[in-house]
Each structure stands twice: as C-alpha cells, then as structure tokens.
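For reference, chains read A, B, C and D in written order, and residue numbers begin at 1 within each chain.
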Amino acid sequence: MKRIGVFICWCGSNIAGTVDIDKVAAAAGTMNGVVYVDQNKYTCSEIGQAMIKDAIKEYKLDRVVIAACSPRMHENTFRKTVESAGLNPYYLEIANIREQCSWVHKDKEAGTAKAISLIRTAVAKAAMNEALFAVEMPITRRALVIGGGIAGIQAALDIADTGFEVDLVEREPSLGGRMAQLDKTFPTLDCSACILTPKMVDVAQHEKIRLFTYAEVEKVEGYLGNFTVTIRHRARSVDLQKCTGCGECLAKCPAKVASEFEEGLVQRRAIYTPFPQAVPNKPAIDRAHCRFFTTGKCKVCQKVCPADAIDYEMEDRLLTNGYGAIVVATGFDTHKLNDYGEYAYGKHPDVLTSLEFERLLNASGPTGGKILRPSDGKAPKTVAFIQCVGSRDKAKGNSYCAKICCMYTAKHAILLSEKVPGSKAFVFYIDVRTAGKDYEEFYTRAYEECGASYIKGNVSKVFPEGEKLLVRGVDVLSGALVELLVDMVVLAVSVDARADAKELAKKLAVTVNEHKFFTEAHPKLRPVDTQTAGIFLAGVCQGPKDIPETVAQASAAAVKVAAIFSKQSLLSNPTVAEVEQKLCSGDMSCMAVCPYGAISEQVVEERRGREMVTRKIARVNVALCQGCGACTVACRPGAINLKGFTNQQILAEVDAICL
Amino acid sequence: MAAVIGWRKKDFWWQSPVVFLEDPAAAHRLVWDPFTVYSPVKFLLEWQASCAAKVGIFVKGCDSRGINRLLQDKRLERERVVVYGVPCGGKADAEKIRASFPAKGIKDVTLLGEQLVLTVGDREVRVAAEAYLLDKCLTCRHPNPVVYDKLLWEEVLPRQRADESRFARVQAVASLATEERFFYWQRQFERCIRCFACRNTCPACNCRVCIFDQAEPRWLGKANDPADTLNYHIIRAFHVAGRCFECGECERICPAGVPLQELNRKLIKDINEAYGDYEAGLDATDQPPLGTYRGEDPAGFDES
Amino acid sequence: MPVVNERFEPLIVAFCCNWCSYAGADLAGISRMSYASNVRIIRVPCSSRVNPGFIIRAFQRGADGVLVAGCHPGDCHYHSGNFFTRRRLTVLKQMIEYLGIEPQRFQVRWISGSEGAKFAMVMNSVAEEIRLLGPNRKLRDVR
Amino acid sequence: MKITTDKVNSNLVREVEEVSGQKVSACFQCGKCSGGCPVVLTMDVLPHQVLRYAQLGLVDELLHCKTLWICASCQTCDSRCPRNVDIPKVIEALRLLVLRNKGGNYLHPNDLSEKVRRNAPQQGLVSAFRKFAK
C-alpha cells in the first residue's frame, strides 16, 4: 500500500472562497492510500513547501498530491520540492482545484464536491505513479552546416567563433551560393562580392571549420547531440593537396558547356572553377562533359598541369562523422519558365531572367559589367522589367510572394540608369512591397531620381518585333492600354524551394510545406528550429527572404547550436513511450504515427520452449520521443505505453473521477 | 515444405475443416468442395512460431487477403510460406441446403460451375448454386486470390451485383431511429457469450497477447455485464477498422449469430466516405487509413 | 425520503490535451468564466493519447457524457497528433452512434490555449445537451 | 461613377460568383487579362475593370456596359490569369443577369392548361417560359 500525503492549498481566498477546505480535507482523509492530509494558505510559499518536505519525512510519505493551482503553473516547483525531500519528482501529482474549480464555479457546494472528485482522481493516479528518470546523453560537440551560401557561411563562422568545431558541406566546387552571383545588394548598393568573399576566405582559414566542397549529405541517423551523418565526397578528379590553382588547365580544356554560375550566358570548360574568387580556388572536372570521361581520349589537363594534380581514377568517397547539431542552409532554385510562353523567354535572346541580368551588371560577368543585349551587343535604351513572374500565381506558378523581387527590380532600374545614360526603365508590377529598413526610400529613388516608370499591371504578352520587343499590357490605374517597344525584357523570376528539398527533408526526418520549403517548429516563436530537436534552419530553404534576414537567421541558428554545445550533456524527457516486449507483436503500427521517427525495429531474443528464437519488436529512442502518446493508441495490444500517462494511470483516473 | 495446410473431409457432408498434412503420402486427403469455407490463414501464426520450416497453404480469395493482412502486420515471413491460390466460386450454406432437402438423405454435395449437384439417396439433384451459397459469398468482391505463388486453376468471374449488396444491411440498420438502433443491437449482443470465436478466427486479430486477455490493466470486465459486451464489440470493431478485409468469418463462425459484418462494414463505409476508398488486404505494403492522415480530412464532429 | 423533481446533474468527463485545451481550461479559470461544474478534466499530453478504451470505460463507470478536446488541426504541439485523433475518433463516434448511442454523449472539439471563452461555452453547451438527454444507461455497468 | 456603402454591400458579387462559379474577390488587379485581350480596344470597361466593378458593386455601370456584348469568350485572359479567375465565365454570368432582369418570364405556369403542364417535356416548358422573354 502506498503512503500518500494530500496537501490542500487555500491560495488565500482564491480557493478557500469557493471550496470548503475542511470538508475536502476530511474527504481526502478517507481516500485509498491517503495517510496524511494537510492544508496551507499558500502552499507554493517557502513555508508551504517546507511543510510538505517535513511531512514527507515525518510520515514516510511515498506519493504526494497537491491540490492547488494548475500544474502548468507550479508542477516544476513542487517536483523540486518533493525531490529535495528525497522522493522521485514524478511521485508528485497535482489536483487543479483553482483554475478548473474554484475560479469557475460560484456555488460552494458544487465547488467542494468537484474539488473532492479532482483530488480523488489525483490520488488514484499518484498511487500508480512510478519513479521516472531522465537519461543523461553525451553530446558530440561538432556541428554540421549543409549549404555554403551566405546562410551556411554565416552560421558556420558564428558557431566556430564560439569555439566549437564545424563541418561545412557544399554541393558545388566552391563556396558562395546565390549571393556570389549577385552584383550589388539592396538597399545600400554595396558590392556583393566585396562583402561576401572575405567571409568565404574566413571560412576556409578558420581553424575550427572543415570545408567540404563538391560534397553532399548521403545519410543522417541519430538524434539531438548524437547525429551520425554520411557525407558523399564526389570525385573532383583534382587533388586539392597538389593543385596550386594556377589555372593552366582551365584555358586548355577543349570541352565547353554552359556555365551554371553565369546562368548559361557564356560557356565554361569541363574542368572549371565556377568563378574567379572561388573558395577553394581549385578546379573540378565535370565528368558528364569531360572529353576524356565521355570519349576516353584527351587528358589535356593532365598534360598541362605542372603540379600533377589531375586524378582521373579518383572515386566518390563516403565518410561518416558524428555531429551534435545540424544547420540546414540549402538555399533556393529560381523558378523555371516553361509555362510562361507569353514572355517569349528562350525564344528571343533579349528576354532575360533577373539573375541573368544580374550577371550582365557584374564586372566579372560575361560583359565585364556592361549592360549589353545578348542579340547584338548594343546597350539597351529602354528595358521592361516584369515583376511577379511565377510568383503570386496560383494558376501556373507559386502562390506565394517571392519577397525579394520588388527590391531587386528597383535595384536593377537604378543600376540601369547609372550604367546606360539616357536609358529608361519600365517596371510592370502588381503591388510594390518594400517593407524593410531603408527599403521604401530605395524604391522611391528608382522612380524619383532614376526615372523609372512604374506601371501597375502585369504584361500579358511579349512579341519579338524586328530587333526590338513589343510589350503589351495595361495600366490598370488609368485603364489605358500599354504597348511599348523596348530593347530588352527582364523577368523577375520567382524563388522556388530546391528541387531536391523533399529528399533531404526525408534524410533529416524534418518536414517541408506544400511548396517544399522546410517547416519551422513554430512560425512565430521557433522560426529557426525544426520539429526535430537539434536540426535548425537558415536562409531561403525555410522560405523566401533577403540577405539581411538570411544572415540574421543564420546567426540565430548558430546561437541555438552553441546553446546546446554549451552543456556537457543533455537530459532526456523522462515521460516517454516504452515497449513491453512480451505484448509487442512487432506490427509497427506505432512507428507509422510517430512524428519524430523515434520508433524503430529491433531484434530481440526470446526463449521458446527449450530453444532461443529471435523476433522483431518496436524500440523507442528516448532521445527522440517527445511523449505525445499517439503510438499508445495505434498499438492494439497496448504494448507501448507512455510513462507518466500510462494506460493504468489513466484508467485509474477515469475510475476515480466517475465515482 | 514440411507441411501443407488445406481442407479435409470429416464424417458428414457439410464438414470440411482445415487440416495440416505433414506426410506427402497423405496428400489425397486434401479436398476442395462446397464446404471448405474455414479460413486456414491464422494457423500460419502458430506454425511459424513453433517451426522454422516452410509450409504450404491453400487459400481462397478471402483467405489470400488474410495473408496480406498478416504480411502488412509483419506477422508472417513471406519466404517461409508457399501460397497455392484457389479461385473460388463461393461456398455453400449447409443451413440453406437442409432447409430444402431431407438432411438425412444427403450423401454428397458438389459444385459444378453455377450449379450445385446433390446426391440425395440414390438420385442426383441439380439446382442453381446461388440460392444455396453463404450470404457472405454473395457479397464477395474478390473471389480470386490476390496473392499466391501458384494458381491452381483459371480465375473465376466476380459475382455480379456484389457491390450493390455490400452495404445493404448497414444501410438498413443505419436508417433506424437512434432508440430502435440501440434495441436492435441490444437484441443482437445479448446473445453474445463472449466466447471470442470471432476474434480467434479473424486474421486481423493477430496480436500476440490480445488486449481483452490482459489482467493488468484490465480493459474488459469478466462479469456478464451488457456494458462489457458492448465494450468488447466496440473495441474489437475499432481494432479492425481500416484493416478488416470482409472475409465474414467472424459472423459465420459466431455461435450466437451476432451480425458482426454489419459492424465491420459500417466502419469500412465510414472510412471510405470520409478518407477515400480503401480495401484492406489487397496490398501488403500500404498504410491502413487510421495509420495515416491528410491535413484536409473531414471530421465526424463539430470542428468549429 | 427521496427528493423528486431534482434537477438531473450529469457527470461529464473531459480529456484535454495539455498544450491547447487544458491551457484553454486554465484560461477560462484565470478569466473567471464560470461554467457547469459537472465537467471533470483528465489531462493527457495530446488528444492522440486518448484511447477509445478510456472513453468506453468512462461511460461504463457512469459518465453521462465524454468530451475529447485537442488543439485545432495544424496546431498540434506534436505536429500531427490531432490529425490521427480526428480519424480515430470520427470512426469511433460514428460507430457508437450506429450502435444506438445518442450523438451528444460523445463529443470531440478543438479548443486552443487562447480560447478560454470557447472552453466555457463548450462545457456549458455539452452539459446542457446531456442534461436534456438524461442519465447514461446504455453504456453503464449494471453491477 | 461613385462607390457608396450601398453599392459595395450589394448582392452583385455574391450573385456573380454563384452564377459563374468564379471567385471574383480573388482578383488582385494585375491587368494581364486586359493586356492580352484581342478586342479590348472596342471595350468601354476593360476586363480587369469588369472584375473591379463587380468587387465594388458598381451594378449599373456593369450591367449597361458594352463590354459584356463584345467579349468573344476566346479565353486568352483566362489562360493568363494568375488567380485562376475564368473571366469569360464572369462576363457570361453578367450577361445572364442582364437577361434575367429583362422582363422576367414570357409565360407563367398558370397560363398553361393542366394537360400541357402534365405532359409537356420539362425542357420544353422552361424554353417556353424563358425563350421569348429577351
């Protein structure tokens, strides 16, 4: 028989005003297992807590029921109280007789009866409470950052600066990501490369950061504090130790292919560094286009390499490392324009995407920073910018707003006026959205100082008309039709989640939304966490955002990682599911409903008659389980139970509450 | 293979129970006649638990879905079973035959296509089989095995109008007023003696330790209380919700004649209507409807 | 001497998820919104923890009504728990109605942590509906 | 032209949405419909304005505009619309509203003999009621 003590709190007159405490105390004294009943004006006060501790010792209580305010208020306080008196903190049970009784019922008789019922229920549950223990889990204090754009770079640097080890994985041969492709950045117009490349170099030189370029995440296992990640190091065919980055090979390679970095405006070689400031500034061989790998003959790069760094035999390597936390910063794809035939993209060379236009602006781009028409190399005098291409379009694009286009189009209009004197920008828009520090002023500058004409109304069709382009639309404000002959059309393409975001999400056991952007744990209060503890998000992989927001989120993710690493070990939540081997049939219904991937199959050995046999049953990973209990109902034989809310406890509560 | 599970003939014309044969020489004892209705599937559980050897099993269309049921529940090692599929034109109902013919005179009953051939005394009688088939076979949608290693003969055509009659009884009960419905079910359940035959024969009830057999916690009272009987039937039906593949053995085998299919099919109907058509036992790899969800699912309650 | 014409006071057992509905109940308390005292709350971590066996047991032991309350779909603290609740309890509710139990006896509602007023309103309306139905005799143990 | 509370609260949007099955309120006035329309030059109210008028309840202006009878339902606007609004359907709904308001039914069921009412095909009856009313 348990020795249960019941402590009834008056909460001043908050409870005592509507509940007859003496009557409740007398009733509690008759309940099964109750050996001690006491009351206090304020149980949460120091005196009240001391009373509980003394009573536990004096009356050898082994379970404690406190009838007071909501457990959401003081459960932790009182758990500590009973723990300091030598009991397991989970021996405590709380009857909520304030928020759910005295405060909501005016009738004293009804309130008193309900209080007795609630206490009886708590006593019945407490009698079945068992000692629960948090498990201490060691932490691997090394972080993995996936993605080497500005988000990944910032997160890696911030984590490394707190003194913890970081591995940064980038799929391309160089760090840099999207920001490296940009020319200037709004709203200050500072040069993208000037602020990004020093950070790239910092990453390469930081003693706490290991940089893996041309590498991808293959497999992720484990949980907060103890992830095991397999990384595929793709065969670069260039030995990074030997290569000096002299560039001899780049000039001699005979195979040419459209440059991804230059958005296909020019060609690169099959052996290439994506751009001049690449980090590491050492090439990789694109085997799909290399003449040696496709025809078996060539080896020009090997012949010209003074460092003997070319290695055609190199193979992909899979390396496995342990990590305590992961930051996902995989960025975005630009929207494919296959469904937008009306804009003549791909049909006329002078219809460009915004990112292509960005390359034309860039001093290291294909035109050396001059805005020239791809068709004839002349500077365009009039340029139509079309906004929301693939954005806010639930018919054939993304239903959401890509957020950055209004601002970069204003930037493009400003830069056009600076680079091509006497030129004119027409911006076709649906709405102009410039929320952000100094953003509205920047937009104002585009039309007040730089002469851009903003036309509310989206372009309906672009017709090639001789050397020019006829842009047809309507100005919805005046109701006038618009027909403009322009030299160039720039399409503000929308931002998509990475095409393979879902695959990565699956590997990481995190979720994506309907647009394949990674889902944060809470849209307001946990915007950088994922549902999976220990995995954080930074940058556009979570949703469209600009550079300042991306950097802020990356730093936030870094702090979250550092906060985990600042501890020596982690304590697991003790109210987790557990499997009773003899009841488990191994059908794994539980696994299907677990939102945390906390349940897996395990093989157990059992005696059957005289022999030992093996079979599969469910296993709960206590580090991943968050204690929701969805599995307990999916399990027909009740083999999986939730500690702290067991079937036995809840049935006892039901029985008691109905008495 | 160390044994095969099939059917054999017993003393009377209406008895063709399940048999385990370990001796190849005894293979001639296997029969296939209008009464091989018993599901052999659940015997596989005991076989696999007690013996590591391979076993062969003969399955009708309904039984084959039981195989998928066990596979989906990870209760069967597929590679340890050789499945012989037997396309089935329906099984005969001995009660219906007895009602039309003098029971003592019947010597033999066989099925020939759509005809039932009875040897009564020394004469042969041929009647249309449909009138003498089990009710559950008249609503059968999958007479051909859906999983097998070897098919014994050509597939048969599914019975016409099986779909129309599938939910007829459910609709009839549902159309009663609440109180009438309660008394209807009371009349059914008061006959229940909680022998658990329905559970024991059901391939979907394949837990190692059934929740109703557990003492701590005791989910189901042992006393003969109507509320406990109701509890049993509610939880049993809930546990096979989205998993029942409509073999109808529970109802056929019930000694008290409780119309369990009316309960099982009600759940199937509700699930189909709310969460999309789903037939259990056709695919051993998908996820039953209660083990998954869609964000836009409708609810059977006030969601405001 | 038994009192005749005494107003029937039903017993209602409410299973409330810790993160939304239990918090909603607390908020109703903090805001001093009075509601029917017939309601007794059992705290569970998530509505998906509520086993149909608990619900039937409550009816057997004499509850006149049972309510399961959870977060609104999409707001589940555990991400997907209430989506499973929705499917399971839809099936259960329609089944027990089919068995001739009055639909009001077993209800499921979504009540968020900020909906204290809704909590009080739902408790009052459930209590009133069940008061009108009278005591649960169909699912109750006779012993 | 004047937008007033009465007009904004008129039933027009609801009616047009009901008849056309299109969500008039979804339009955010990008103008792609008007820009692409091959007969826009002869219209007095541009396609995007049709939706704007409908949103704001400018009933008279809409029901009396020429546009309704100029639109050829070529669906160019529909194919460009980023909000999935099928504008020809909206315009067709407006035409129907005009026609329905024009004098009501030609015949009333009571004008017909019992025998005709009983035996004439339903389609024929509807045609008889409506057809000659325009």
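Note that a residue touches a chain if its C-beta (ideal position, glycine included) is under 8 Å from a C-beta of that chain, and two chains touch if they have at least 3 such contacts.
Since this is a predicted model, take the numbers as computed values, not measurements.
*Asks:* Give me the chains shared as neighbours by chain A and chain C.
*Replies:* B
*Asks:* What shortest step count links chain C and chain D in the network of chain contacts?
*Replies:* Each step joins two touching chains, and the minimum needed here is 2.
*Asks:* Name the chain pair with more contacting C-beta pairs, choosing from B-C and A-B.
*Replies:* Ranking B-C and A-B by C-beta contacts puts B-C first.
*Asks:* Suppose each chain is reduced to the average of its Cα coordinates; what separation in Å results between chain B and chain C?
*Replies:* Centres of chain B and chain C (C-alpha means) sit 36 Å apart.
*Asks:* Using mean CA coordinates as chain centres, what's the gap between chain A and chain D in Å?
*Replies:* Their C-alpha centroids are separated by 47 Å.
*Asks:* Give, as an integer number of Å, the spacing between the C-alpha centres of chain D and chain B.
*Replies:* 58
*Asks:* What parts of chain B, by residue number, touch at least two of the other chains?
*Replies:* Counting only residues that touch two or more other chains, chain B contributes 211, 219, 290.
*Asks:* Provide the list of chain A residues touching at least two other chains, using ranges where the numbers run on.
*Replies:* 593, 634, 638, 647, 651
*Asks:* For chain C, write out the residues touching at least two other chains, lowest number first.
*Replies:* If we look for residues of chain C contacting two or more partner chains, we find 52-53, 57, 80, 84, 88.
*Asks:* What chain pairs are in touch here?
*Replies:* A-B, A-C, A-D, B-C
*Asks:* Quick one: in the complex, what on chain B touches chain C?
*Replies:* Residues 173-174, 178-186, 211, 219, 221, 223, 225-228, 230-231, 233-235, 237-238, 241-242, 263, 266-267, 270-271, 274-275, 289-290, 293-295, 297-303 of chain B touch chain C in their complex.
*Asks:* Show me the residue ranges of chain A that touch chain D in the complex, using the header's touch definition.
*Replies:* For this pair, the touching residues of chain A are 342, 388, 392-397, 430-431, 456-461, 472-476, 479, 481-482.
*Asks:* Would you mind writing out the residues of chain B in touch with chain A in their complex?
*Replies:* Touch residues, chain B against chain A: 49-50, 73-75, 206-211, 214, 216-217, 219, 239, 287, 290-292.
*Asks:* Quick check on the complex: what are the chain A residues that touch chain C?
*Replies:* Residue positions touching the partner: 70-73, 96, 98-101, 103-107, 110-111, 113-114, 117-118, 121, 511, 531, 575, 593, 595, 626-630, 632-634, 638, 642, 645, 647, 650-651, 653-655, 657-659.
*Asks:* Could you pull out which chain A residues touch chain B in their complex?
*Replies:* 582-589, 592-593, 608, 616, 634, 636-639, 647-648, 651
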